[in-house]
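One structure is given here, and the rest of the page talks about it.
First chain written, first letter: the chains are A, B, C, D and E, and each begins at residue 1.
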Amino acid sequence: MTRVASVAVVVACAIAFWQVLVWATGVPPFILPGPGRVATALWEARALLAQHFVVTAAEVLAGIALGSVLGALTAVQLVAAPRLGRAVMPLLVFTQAVPVFALAPLLTLWLGYGVWSKIAMTLLIIYFPVASAFLDGLGRTDPGLLDLARTMGAGRGRTLLFLRLPAALPAFASGLRLAAVYAPIGAVIGEWVGASQGLGYLMLLANGRAKTDLMFAALIVLALMTVALHAGVGALGRRLDAYAAGRREAV
Amino acid sequence: ADKVTLILDWFVNPDHGPIIVAQEKGFFAAQGLEVEIIPPADPSDPPKLVAAGKADIAVSYQPQLHLQVHEGLGLVRVGTLVATPLNCLLVLADGPVKSIADLKGGKIGFSVAGVEEALLGAVLGRHGLSTADIELVNVNWSLSPSLMSGQVDAVIGAYRNFELNQMDIEGVAGRCFFIEEEGVPAYDELIYVARAEGLDRELMARFLAATELATQYIINNPEASWEIFKGTAAELDDELNRRAWIDTLPRFALRPAALDAGRYARFEAFLLEAGLIEDARPVAEIAIDVGAP
Amino acid sequence: MPPLRHGDAARGRLLGHGAEGRGVTPAPGIRIRGTLDFGDGYRIPGLDLDVPAGQWTCLLGPSGVGKSTLLRLIAGLDAGGALEGEIAASDGRALAGRIAWMGQSDLLAPWLDVAGNVGLGARLRGERADPARIEGLIAEVGLAGHKAKRPPALSGGMRQRVALARTLMEDRPVALLDEPFSALDARTRAEMQELAFRVLAGRTVLIVTHDPAEAARLGHQIHVMTEIGLSPFPAPAAPPIRPAGARETLEAQAALLAALRAPGAVIEGVS
Amino acid sequence: MPPLRHGDAARGRLLGHGAEGRGVTPAPGIRIRGTLDFGDGYRIPGLDLDVPAGQWTCLLGPSGVGKSTLLRLIAGLDAGGALEGEIAASDGRALAGRIAWMGQSDLLAPWLDVAGNVGLGARLRGERADPARIEGLIAEVGLAGHKAKRPPALSGGMRQRVALARTLMEDRPVALLDEPFSALDARTRAEMQELAFRVLAGRTVLIVTHDPAEAARLGHQIHVMTEIGLSPFPAPAAPPIRPAGARETLEAQAALLAALRAPGAVIEGVS
Amino acid sequence: MTRVASVAVVVACAIAFWQVLVWATGVPPFILPGPGRVATALWEARALLAQHFVVTAAEVLAGIALGSVLGALTAVQLVAAPRLGRAVMPLLVFTQAVPVFALAPLLTLWLGYGVWSKIAMTLLIIYFPVASAFLDGLGRTDPGLLDLARTMGAGRGRTLLFLRLPAALPAFASGLRLAAVYAPIGAVIGEWVGASQGLGYLMLLANGRAKTDLMFAALIVLALMTVALHAGVGALGRRLDAYAAGRREAV
C-alpha cells in the first residue's frame, strides 16, 4: 500500500519533471514531446500499439527463457572445466564486443527476417550478463563448504550441483534482473535489424515519419513492459535469495 | 567570417562533393563563411537538430521534408544538392524478378522509414499491384547485403550511384528500376534545409553561391576534384567512392539556389493522394528561393 | 503440535551401525612427524604424534597453538600452516577418502534442512543415503522434531549436533573431530559423547577439545599441544568411554586441568 | 621475528577503565516477565527473571531451549521467538543504547584486522576510539602479536577473543554475553573470565554458558532455563570472581552439573 | 604460462572455426570476410585504426570512470534511503529501457557532437549494471553483522559505509566486469549518434561502403580493447574479492 503510494508519487514526480524539462528548456516537441502529447498518442494509437506490443513481448519472453538457460549453462560449464573456462572467457568477452550491426546481416542470413532473428538478438544481449553474474556467484561458495565436500570425496560435478549452484542462486538472480532490463532492448534492436512488426519497427517507422509522439508512445509501452518484467524477475530473485539463505521452507 | 553549422545526411560520401570541394577550395571562406561540417549516423536526426536551432543547415531529402513540415518541424528547403531522384528499386540483375510485376508476394527491404510505402505504392500501382501484395521489411543496416544474400527480393531506398557500384564490386550485378520512370513524380533527392523562422536569406545565398562554384569546378575538373575529395580523409579513398564520384557528377544541381516550385507542389499532391499527409500546404511553406526578391 | 524438544526425543534406539556391522575397512593408525610451519615465523619443530588405530586420541592445548591446523592437514585440506614432514597411515595406504572431518565451525549448507545436511556426504558422492539411518541419527542427536528446519532457524548447539550427525553418517575408518561438543550443555554433551563413541567404535578418532573432563572420559590417549611441541598426558587406566562421575576420571580431569592451567608442568616432558 | 603468542603477551597491565573510571551511567537491573513464544507451538510461559543491577547473572540450560533467543530479545534484536510480556530496565529508562551484546558466533568483519574489529563500535558510532585502549585490550586477550591479522587467519579461539575484546570496548552499563568463552582452553578461559570480570565491574552482566564451573566461578546469580521455565540455582556464598580451585566453588559446580544432568532435580522449584 | 598457452589454443581454435565457417557455409565476404582478408585489412589500415582507436579508448575510459562512480553512488543512495529506493527503482529501470536512438537527438541537442555525447552514452550504458549489481550486493550483508551494528548504536550511514559497503565490494566488482564489456559498445553507439572519428564511426563508414573487411578489422580492434579492459577490471575485481573476504593485507 505505502509501496504503491510511493511509486505513484515518484512516477508523478517524474512526469512533472518531464513536463518542466520540456517547458524550461524549450526543447521542441519533435525532439522531446511533452507528456500530454505522448498520452494523446498513446490513447489514439492504442490498437496499433497493442498489436505490435504482443509481437515484441513474445520475442522478449522467448529470448529471456533461452538466454538465461544458455547463460546459466555456460557459467556452469566454465566452472566445471575451470582451465577451459579461463581460456574461453576472453573469447566470450570478445564476442560481446561485436556490435549488432556487424551481426545483423549474418543473423538475417541464417535466421531470416522472422521472429527467430529477434529472439537470437535478445538472447545474445542477455546471455552475457546472466553468464557473468552466475559465474561470479559460482566462484564465491563458502570455502568451508568446499573443504567439507573435498573430505567427503565429492566429485567436481556433484560439488557444483549440490553446493556451488544453490549458493550462487542469488548471483543468478542478479543476472536475471539485468537480463529483464536488457531483453526488451535486445528485441527492439532485433527488430531494427529487420522486421515488419513489433514495437521496435513501429518506433523506427514513427521516427522516419517525424511522428515523435508516436515514437515516444511506443517507447513508453516498451519501458512499461521492462518495468513489469523487472518486477516479476525481482520477485523470483527474492525467492532465490531466501532459498539460498535458508530463510524459506520452499522455493 | 560568419559561422555556419552544416549537418550532412550521413557520413561523408561523394554525394557531398560540392560541399567538400567548396570547403577545401576555399569557396566558403571567399563568401565570408566559416562552415563546420558534421556527419551524423542517423539521417532522421539532422532536420530535427536544425529545426531545434542546433545547426544552421542540414542536408536532407525532399520526400522527408514534406512529412516533417506537416509534423510541424518549421523547416524550408533553401537549396538543392542533388536534383534528381537517386532512389531506386533495386533487384538482382540475374534474379527471378524481371519486371516489377514479378514482385507479387515477395519481400521488399527498406532502410530509412518514411515515404517508402508511398513510393512503392505508386510504382507497384503501375503494374497492377498494391503494397498489400508484398511484405515490407525494414532492413536498416544492410540494404545491399540483404538483397545479395537473397533475404529480400528487392530493396527500395538504394542509391543508384552507390548500391549498383557496390554490388558490382562484390561481383553481384544489380538492376535498378528508376522510380521516376515508374510513376513517382520527379523530386530533388538531396536538398539543403534550414529553419524557416528568422531565416537569413542573405547568408543562405552566400552559402549556395559557394556550392554553385564548387559544383562547376567539379564538372569542369572531375579528376582534380576527386583528388581533393579523397584527400580530405584517408578512409574516403577507395574503389567504390571513385566509381560513385563519376556516377554522381551529372546529378549535382548546377543551380543550387534555383527552385522548381511545380516539383514541390506535385510531390505534395502525390503524398496527399497516398494518404501520408492530410492536407496540401502551399509550396512557400515547404521550399523557397532565397534569392527571390 | 509442539515439536519434539530436548528430552522427549526417541534416543534409546540403538542404530545398527557399529564398526563391525558395516563393511568398513579396518581403521589405520596415523603417524605424524615433522615441523609445523605457520609461515610468519611461528614454527613447531619436532612434531611427533602417533594416533593408534581404532582408538580415541584427545588433543588439548592453548587457543591458537595449531590444533585445527593439524587436523586440516591430516584431512588433506589447505590450512594456516604447512607440515614439513609426513602424515602417513599405518597400513601404508593413502589417507584420502578414509577420513570423516568435523571442522571447528558447523559448515552447514543454509538451503538444506537438517535431514539434507546430514545426508549431504552421500549426495555429494552420488550414493543413496539410507533415509532410515539419517532419521535415526537425527533422532539420536535429539533433533527429531526439527528435521525440516534450515540452519538459520536452529540454535548454536543444534547446529553443532547436525554437523556431528553429518560426520557420523560418513562411514569412514578415521574421524577427525575439532571441538565437536563445544556448544553443548553438560547433559547433551555427555549424550553426544556416548553416541559418538558408540557409532565410531573401532575407528581411529583424533578429537580436539578444550574440556579436560571430555579428554578424561573419552581418550585412550591424551596429548597436550603447546608452542614447542606435543606432550603425552597419562589417560586413566579404565577403557573409555568412562563414567563421567567415576573417581579415576575425575582425578585425571583435575590433573589435566592443573597441567593445562600451569603449562610448565605439561611441557616438562618435551623440551 | 616470531609474533607474540599465547603466554608471552603483555597481560598483567591493568587498563584504566573500571566501572567508576569512565563516565558510564549507573548500571540498571533488567526485569523480564512473560511468555516466550517460538511460533511453532513451542512456548515457555511464565518466564520470570530479574537480572540485578551491577551483578553477574549466569544462564544455563539445554541446547535449543531459548537462551540465545532471550538474549537477542533483551538486546532488541529480531529473534527466533517473541516475548509476550515485558523487558524493562529497573531505572525505568529504555534499554536501547545501553547494552553491549556478544553473540554466540563471533560476527567478525572479514575485511577488518583484529584492531579494526575491536574498534568497530566506536567507528560505527562516529566516535574516536582510543587506540591505546584498543591496543591494551588486544594485548589483554593475548593477541598483541596478531593485531594486523584478518579473521580468516585466526584460530577459532582467537576469533572469539577478538569478539570479546570488541564487546569489552563497548563501555555499556549492561553486557549480554552468549557463551563468550566456549572456544577457549582452560587457561585462556580462566584469564578471559578474569579480564571480563575486571573490565565489567559494576555493570549488569547476563551471561549464557554451558560450563557449570564458569557459572560457579562468575555468578552472583545462577539460573537454569528449561522447556518449562527458569529456576534459580544457589550460587556459592563467596562473592565472585571466585578462585577456580576453591572448595565451595567446586562443590557448587558439582551440584550444578548434577542438576543439569538430571533435569528433574532443577525443575522442581518451578512447576 | 599455461594460462597464456591455453588462451592461445582457444584463440587459434576460434580463428580456425571462423575460417571453417566461412568455407563451409559459403557465406559471402561482404557479409562475413574470412580471417585472412581481415588480417590484411588490419595490417593495411593500421595507421587509420590506431588513430580512431585512440579516440574511442579515451571515450571509453572516461565513460567507465564516470559511469561506475555514478552507478555506485546511486546504489549507495538507494540503500541509504530504502523507501525512496524502492520507489525510484522502477524509474531507473524505465530509463534503461529507452533505446539509444530516441535519446540521440536529445544528447546531441544538449551535449553537441563532441566527445561529451559519447561519454554520456557510455556512461548511460554502464551505469545500470554497476548500480544494479552493487545494489544487490549492498542488500546481502551478513545479517549478524547488521545486528551487531544495531546493538552498537550505529547510524544507518555509518553501517552502510563501514559494513555494507565493504561487504558489497565483490558485487561491485561483478558490476564493473559487466561495465568493462559494455563500455566500448556504449562509445561506439555514441559515435553512431554523430561523430567524425572513433572506431564506431569507422565501422559504420566501412559498413556503408561495403568495406566489410575494414569493418571487421575495426571490430577486432574494438573487441581486443574490450578484452583488455575486462582483464584489467577482472584483476581489480579479484583484489576487491580478496579484500572483502579478508584474504589480503591490503587492497
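Please note the rule applied: a contact is a pair of C-beta atoms (placed from the backbone, for glycine too) under 8 Å apart; a residue touches a chain by one contact, two chains touch by 3 or more.
Given the structure is predicted, the values throughout are model-derived calculations rather than measurements.
J.: Any chance you could name the chains that touch chain B and chain E both?
T.: A chain counts here if it touches both chain B and chain E, which gives A.
J.: Moving only from a chain to one it touches, give the least number of moves from chain B to chain D.
T.: Graph distance in the chain contact network comes out at 2.
J.: Look at all chain centres (mean of CA atoms) and spot the one farthest from the centre of chain C.
T.: Computed centres place B farthest from chain C.
J.: Taking mean CA positions as centres, which chain lies farthest from chain D?
T.: B
J.: Provide the C-alpha centroid distance between chain C and chain E, rounded to the nearest whole angstrom.
T.: Averaging C-alpha atoms per chain gives centres 50 Å apart.
J.: Could you grab the centroid distance between chain A and chain B? Build each centroid from C-alpha atoms only and quote it in angstrom.
T.: The mean C-alpha positions of chain A and chain B differ by 37 Å.
J.: Taking each chain's centre as the mean of its CA atoms, how far is chain B from chain C in angstrom?
T.: 85
J.: Pull out every residue in chain A that's touching 2 or more other chains.
T.: If we look for residues of chain A contacting two or more partner chains, we find 27, 31, 101, 105, 109, 207.
J.: For chain C, jot down the residues that touch at least 2 other chains.
T.: 105, 153
J.: Residues of chain B that contact two or more other chains, please.
T.: In chain B, 48, 52, 141, 145, 149 touch at least two other chains.
J.: State which pairs of chains touch, listing all of them.
T.: Contact pairs between chains: A-B, A-C, A-E, B-E, C-D, D-E.
J.: Please give the residue numbers of chain E that touch chain B in the complex, ascending.
T.: Residues of chain E touching chain B: 28-31, 47-48, 101, 104-105, 108-109, 112-113, 191-196, 201-202, 204-211, 214.
J.: Which positions of chain C touch chain A when the two form their complex?
T.: Answer in residue numbers: 72, 75-78, 97, 99-101, 103, 105, 107, 109-112, 120-121, 123-126, 148, 150-153, 170.
J.: With touch defined as at the start, can you tell me which chain A residues reach chain E in the complex?
T.: So the residues of chain A touching chain E come out as 2-3, 6-7, 9-11, 14, 27, 31-32, 83-84, 86-88, 90-91, 93-99, 101-102, 105-106, 109, 128-129, 132-133, 136, 140, 170-171, 173-174, 177-178, 181-182, 184-185, 188-189, 200, 203, 207, 215-216, 219, 222-227, 230-231, 241.
J.: Residue numbers of chain C touching chain D in their complex, please.
T.: Against chain D, chain C makes touches at 1-3, 5-7, 40-42, 60-69, 80, 104-105, 142, 146, 153-158, 160-161, 179, 182-190, 210, 212, 227, 244, 257, 260-261, 263.
J.: Under the definition above, what is the set of chain B residues touching chain E in their complex?
T.: 7, 10-11, 13, 38-42, 45, 48-49, 52, 54, 141, 144-145, 148-149, 166, 169-170, 234-235, 238, 240-241
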